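Going by the order they are written in, the chains are A, B, C, D, E and F; count residues from 1 in each one.
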Amino acid sequence: MTDKIEATILANIQRLSQALEEEKKMITSTDGAFPSVEGLKEVIRFANNIFFPDLFDKRRNGCEIRSFYIGVAVEKLYSTLSKEIARALMFGTEIREEEAFRRGKELAAAFIDTMPEIKRLLYTDVQAMYQNDPAVDNCGEVILCYPVVRAMVHYRVAHSLFKLNIPVLPRILTELAHSATGIDIHPGAEIGEFFAIDHGTGVVIGETCIIGHHVTLYQGVTLGAKNFTLDSNGHPINVPRHPILEDYVTVYSNASVLGRITVGRGSIIGGNVWLTNSVPAESRILQRKPMATTFIDGLGI
Amino acid sequence: MTDKIEATILANIQRLSQALEEEKKMITSTDGAFPSVEGLKEVIRFANNIFFPDLFDKRRNGCEIRSFYIGVAVEKLYSTLSKEIARALMFGTEIREEEAFRRGKELAAAFIDTMPEIKRLLYTDVQAMYQNDPAVDNCGEVILCYPVVRAMVHYRVAHSLFKLNIPVLPRILTELAHSATGIDIHPGAEIGEFFAIDHGTGVVIGETCIIGHHVTLYQGVTLGAKNFTLDSNGHPINVPRHPILEDYVTVYSNASVLGRITVGRGSIIGGNVWLTNSVPAESRILQRKPMATTFIDGLGI
Amino acid sequence: MTDKIEATILANIQRLSQALEEEKKMITSTDGAFPSVEGLKEVIRFANNIFFPDLFDKRRNGCEIRSFYIGVAVEKLYSTLSKEIARALMFGTEIREEEAFRRGKELAAAFIDTMPEIKRLLYTDVQAMYQNDPAVDNCGEVILCYPVVRAMVHYRVAHSLFKLNIPVLPRILTELAHSATGIDIHPGAEIGEFFAIDHGTGVVIGETCIIGHHVTLYQGVTLGAKNFTLDSNGHPINVPRHPILEDYVTVYSNASVLGRITVGRGSIIGGNVWLTNSVPAESRILQRKPMATTFIDGLGI
Amino acid sequence: MTDKIEATILANIQRLSQALEEEKKMITSTDGAFPSVEGLKEVIRFANNIFFPDLFDKRRNGCEIRSFYIGVAVEKLYSTLSKEIARALMFGTEIREEEAFRRGKELAAAFIDTMPEIKRLLYTDVQAMYQNDPAVDNCGEVILCYPVVRAMVHYRVAHSLFKLNIPVLPRILTELAHSATGIDIHPGAEIGEFFAIDHGTGVVIGETCIIGHHVTLYQGVTLGAKNFTLDSNGHPINVPRHPILEDYVTVYSNASVLGRITVGRGSIIGGNVWLTNSVPAESRILQRKPMATTFIDGLGI
Amino acid sequence: MTDKIEATILANIQRLSQALEEEKKMITSTDGAFPSVEGLKEVIRFANNIFFPDLFDKRRNGCEIRSFYIGVAVEKLYSTLSKEIARALMFGTEIREEEAFRRGKELAAAFIDTMPEIKRLLYTDVQAMYQNDPAVDNCGEVILCYPVVRAMVHYRVAHSLFKLNIPVLPRILTELAHSATGIDIHPGAEIGEFFAIDHGTGVVIGETCIIGHHVTLYQGVTLGAKNFTLDSNGHPINVPRHPILEDYVTVYSNASVLGRITVGRGSIIGGNVWLTNSVPAESRILQRKPMATTFIDGLGI
Amino acid sequence: MTDKIEATILANIQRLSQALEEEKKMITSTDGAFPSVEGLKEVIRFANNIFFPDLFDKRRNGCEIRSFYIGVAVEKLYSTLSKEIARALMFGTEIREEEAFRRGKELAAAFIDTMPEIKRLLYTDVQAMYQNDPAVDNCGEVILCYPVVRAMVHYRVAHSLFKLNIPVLPRILTELAHSATGIDIHPGAEIGEFFAIDHGTGVVIGETCIIGHHVTLYQGVTLGAKNFTLDSNGHPINVPRHPILEDYVTVYSNASVLGRITVGRGSIIGGNVWLTNSVPAESRILQRKPMATTFIDGLGI
């Protein structure tokens, strides 16, 4: 390291060590506690061991021993999750450390109380994917391979934490799935049984969506907001602003369904369609035909 | 842990330990053997060392020693892959363990017999990307950086295993690439030489696609099915249902090409187009123009 | 291993050990040095510790000790980055090893000199996301959860290296973010302050884009080229070919904006629109309405 | 690498690849299976979790959940140990793979059947150390810190495997403890309850030793053979050749007790003594006094 | 797993899950907190970085940056050690969790206050070894290679914690060094400047030893107790019972020096000697000569 | 962290950041390069794969592939060792970096040239242990379990490096074995074929020892110096000062053989003996008998 380089580095360390005004304002937390992404990955790992014990934990051999494995997985999930909840409470809200840890334990137990129902729902999702796909031979293959299963495990766990009013963690969980699958489901959305997404990359499901049973989406579908309601400071308000999809609706690839509209039971929305008004039950909505041309101007590279 | 929390946890362990009816039915395997995602990641690591020895294994120094490295990589790939194939056979089919391991070894060797051809094809793909991109300086950069190369290594390996009728593994392999790149190529698709995908996020290539030589796709392109043929139980049948793209076809971003149609040699399909009928050679297909407006209703957030 | 299998394996080792003609030609480097993806991941890890010290490095406890942590992180970044730059120089260009390491050190110091400005810009991006999103409670949540922050850290670091004419590394950095977020920003693009992308999967921003301040994009937006200018050998030339977005422009989901056009200050481009010509300030551009139909032909699966 | 260096390396690879005559003869195993040191370390880790659940597995919280943890640890120990036994059988004896794995499972279960007794004995050893040591405050400290506890866990597990006639593994286990503690107990030795070794470095206890209850040894003590009985080929024969120590015997530091002699109940053998004949109960044996001198010849550096 | 094996395993899980009476009594701790060996290994790693920054942390480049590295290492040591002290307090004594953590922080800071003196002493030990050994070329080699340096770092750190009345941790620290080096120094012993041990395996230094400056020991030396003083229950009492070695004493290999005796300044104790009474300054003590014989009875194998 | 604690920590960081005078003087190295213990552990790992390919590398399956594995192991050993030698040269001597790396490569190749001979010698050592031990069934067990094999691999590699005048590394290698086995062999010692050490803890073999063929040692044996020759500054001189053991000598446990004496061919030295003068061929040397006593004064605890 030459003297000139050392001088440059030392000068910048000084500049970088001074907190920006924005930096000082915006992050506050009781005693420097932050939720840990690693911790949440562990929570999902334990949850997978519990929901799909034959697939994700190979050491099970017999019935009774299986329950020991599940017992250990539940206890470890409890222990990791209660810590992460405590940190999330201290990160997002004013709370004493002791109180945060006490609440973390209660809320982790409350979450565990919802796990049997989450498991039941996940198996309906697996069945939905299995029935939709002509190529699949085996439900185990769906669980092992399909991105939608990963997305739904994360979403259904995150949604349960969201309903318990736990801050920050639900969003981190769904963003982990978003990164791995390209499927972005807000933890606040309500999704019924037998939900299927094929391929999935680019799917976005907004915070106030309500989705019925037996709904199927394809890649690139947006269930989004049409526009924002602003408060007097021009800051957007969190009101119902995403679509309602009734039972047995199907939305094909890259379609956008926008605003607090209702897509009636059994409707089919075609690919690349851009829909901003409600449609009655059993509707069929299609994009207009493209045109053929001899000169092509603008390729969309 | 308070008594109330402990009681909640114990009650739920009991409930979660009881296998659901669906769970019992749907996953069956000879003696609890499941393919391992970690094992398949190793297979790809060894394959990369073999296909691109200068880039992925830096310890090579001279010509003869290079062959030792490749020898070891091939032997390790054989050993890991034969085990994974055996597990996949036991997972997807009724087979005795011993027979599965014997078949696993034969099929792994059969796969290795296709590796020189896979390597040849991959270098045509690298060249295609290199020739398409004005920014790239260096083929090594393509191999190191471009998601399409990762997607094609996974796909071409998976396709070879698919043609050997090995269950489950091909799909796990392409889903690993899908997760990392957003490019979802079904291992059953047939793809010719000099294949290029730019950017790639959201590309979907269906199981029965047939793609010629020198074809280029851009991000968000779907080569999908128009609709399903159902059997008498309403379950979709696995028949040819995805497009045929002849040599020198280009499809621009977010276009959807659907159904068992043929896109003639040298055709160009414009961005965001939604095409469901065959077009002759040298076609040029464009989306209709958007409209300008002063009032905007529905933003697609 | 049977004799037949061993013979197959040995024969293929021999075939795979012979370098292809293309292989020999295309990868050249001074003494087998290649940039390391692991090294660049470390650089980003150190950069995150420096930009967001409270979030990514929990061991800080007081003001002065914080500067020690930042000092160490800067020095480690310097040491790792200077090696990676040296390798990139030897990979992409003819240069002696000693010279490469000397230049690597200078360029790493020059990069560190830009880090305070990168940090300032990143905090404007965080604020932009915070102001756009009705759901978010807390800027720290934006930094922890939102894919756009990860994408922008990678892009702003890569862009700074790009402007220092460092080869290969900028592209590897943005592809790492592309893989994790589905957001593909070319390191050559120019992007102003307070930049926001919501959801983000499928966004593509081309090499010669120029983007003003306070611009917002949604998922699936392409800012691409309309067509290529070819040189006399038919190879595309690297000229300005991507759009200019002036300040306060918003582009909604899956829209494609193509070619060296200008989108005027304060314009809004609607979802799924495909735009290939310049529009004046405050424009509102919308897709044509879809049609309802009773027969649906082509679902875009 | 210069040409000369490459030639040297290649020539030596050739020489090193040719198996020596001794090499070919001496190692034989069914299909290349060898016991794995890593596997045995896992076995000990699981055993510690089972014997000292409060100390080595911190996640236990309540009584019932504790049994889940122990259940999982026992099942994992079974699964790892049965594989290692199968490999040891194939390594040391002529046996078919299938038979080896079947026997491995039976023997692992037979070992587990001895674990409650091993646990009981280990707690007597802990108590013995606790009562001997004026400095120790707390039995947990003995378990956490004292090398003798590690040595005795390894020995008592190894001795149980030894009595089940399992080859190779017992010796690997005691050598692992030997390396970590300097205490070398042959797995064939018989050792009673309440056994203590203080400091321990250099202690050697031979294969045919018989040690009663409440025996205490200090560092450097050898309980060895006086001489060997040779067979007609001059190879030593495995006959009783190490001492018998009756109950309540104490042997102080660096003493050597040699041959098939009996040290009577309650005897004390002083430090640095070299004893080769039996002594009656309650004996007191001491080294002769050293001499003072003005000239020192030979320092024993 | 056959039914019979499963039954065996389940029965033993039940038996192993029942805590022994001894087990219940002997380990008590506030809320299951135990000191962590991994944590203490980290403390030593940080301490080595602080004491020998040039050798154990290679990333230092210049003077000011060196102080950043030391600052970070000290802060990490503080943070890890304060947690381990808190756990040790809860393990060994009745104390509330909050109080334990508060005390842990105070005591960790008090320890850091002794580190400059520990560093000074360690460099005198390194010099002593360097001056004793005809083979060594370089003090850095002593620090990198010699087991005594490892033993003394552990001992001097442990002794400082011992004097702060911190339970359990000092002993774990010296046992870690004992395992790695065969040198067993009780943390309670008092050892002066310029202390050297050559080879070291088997050295034992008891709790109440007092050792002056410039003392040198060789392998296998015991500085032990002659006998115990028992209390009315027959439990040994912790009184001064180990030797005092004045300045410039040397003790050669395998000698035992026992009881609360004084070895006068400048004395030399020969190899294999067994000494139980005080000797004046400048003494020379030797073992009696061995005898030659034609018949050898007892080999000490 | 309270203000008082923070002040303490900051003050000590300042004190600890100032290099001691001794510290500044004693460690010098070209550009901060130090040999790496991790690197040397890798060298030994590769060496074990080369010497015992069937035992330490389980992936070998057939004859030709075995040579690939050995080829790769030799090349990796070359690459790691040449770097470590370069660092050792820069650590111990004044040398330019470039020159150090050039010499490192030459010396690593020169070392590889000695590996076939080292391998031959190691197999004689294994046979010697096998013939000495009545308990062992299988030479593979000797290689897997016996500490002497580990010690001899380290020693024979270190001795070869020592004869090539490579500084520092030989000593680090033998200290690694010393720590793991308690056997301390100086890399300068000369040791013949068929060398055996049983148990081994506490064995010390000095730098200028010369040991013939078929020599056997037991635990605790010291082959040491009787006294030092000092130079005019009182610093000890490195002259021949350790014993010569002729062929077929055996030395039993805890014996000390000291000074430049010769133990004649075929001699047996009994346990605990302390020998400082030469003995003729076929000598038998024994310790004097201990005495029995009723009062025991000094137990050597």
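The definition used in the following text is that a contact is a pair of C-beta atoms (placed from the backbone, for glycine too) under 8 Å apart; a residue touches a chain by one contact, two chains touch by 3 or more.
Just so it is clear, the structure is predicted and the values come from calculations on it, not from any experiment.
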Lowest number of touching-chain links that must be crossed from chain A to chain F: 2
Farthest-lying chain, centroid of Cα atoms versus that of chain B: E
Chain centre separation in whole Å, for chain B relative to chain A (CA means): 24
Geometric centre distance via CA averages, chain F-chain B, whole Å: 53
Numbers and ranges of chain C residues touching at least 2 other chains: 1, 9, 13, 61, 65, 67-68, 71, 75, 182, 201-202, 218, 220, 222, 224, 228, 253-254, 256, 258, 270-272, 274, 287-288, 297-301
Residues of chain B touching chain A in the complex: 1-2, 4-5, 8-9, 12-17, 20, 22-23, 26-29, 32, 34-35, 37, 91-92, 167-168, 171-172, 175, 178-179, 182, 184, 186, 188, 198, 201-202, 204, 207, 218, 220, 222, 224, 228, 235-238, 250, 252-256, 258, 268, 270-275, 279, 283-288, 297-301
Chain F residues within the chain B interface of the complex: 59, 61, 65, 67-69, 71-72, 75-76, 79
Complex contacts: residues of chain F adjacent to chain D: 50, 54-55, 58, 60-61, 66-67, 70-71, 74-75, 78, 105-106, 109-110, 112-113, 115-116, 119-120, 123, 126-127, 130-135, 137-141, 143-147, 180-182, 199, 201-202, 206, 218-220, 222, 224-228, 253-254, 256, 258-259, 270-272, 274, 276, 287-288, 290-301
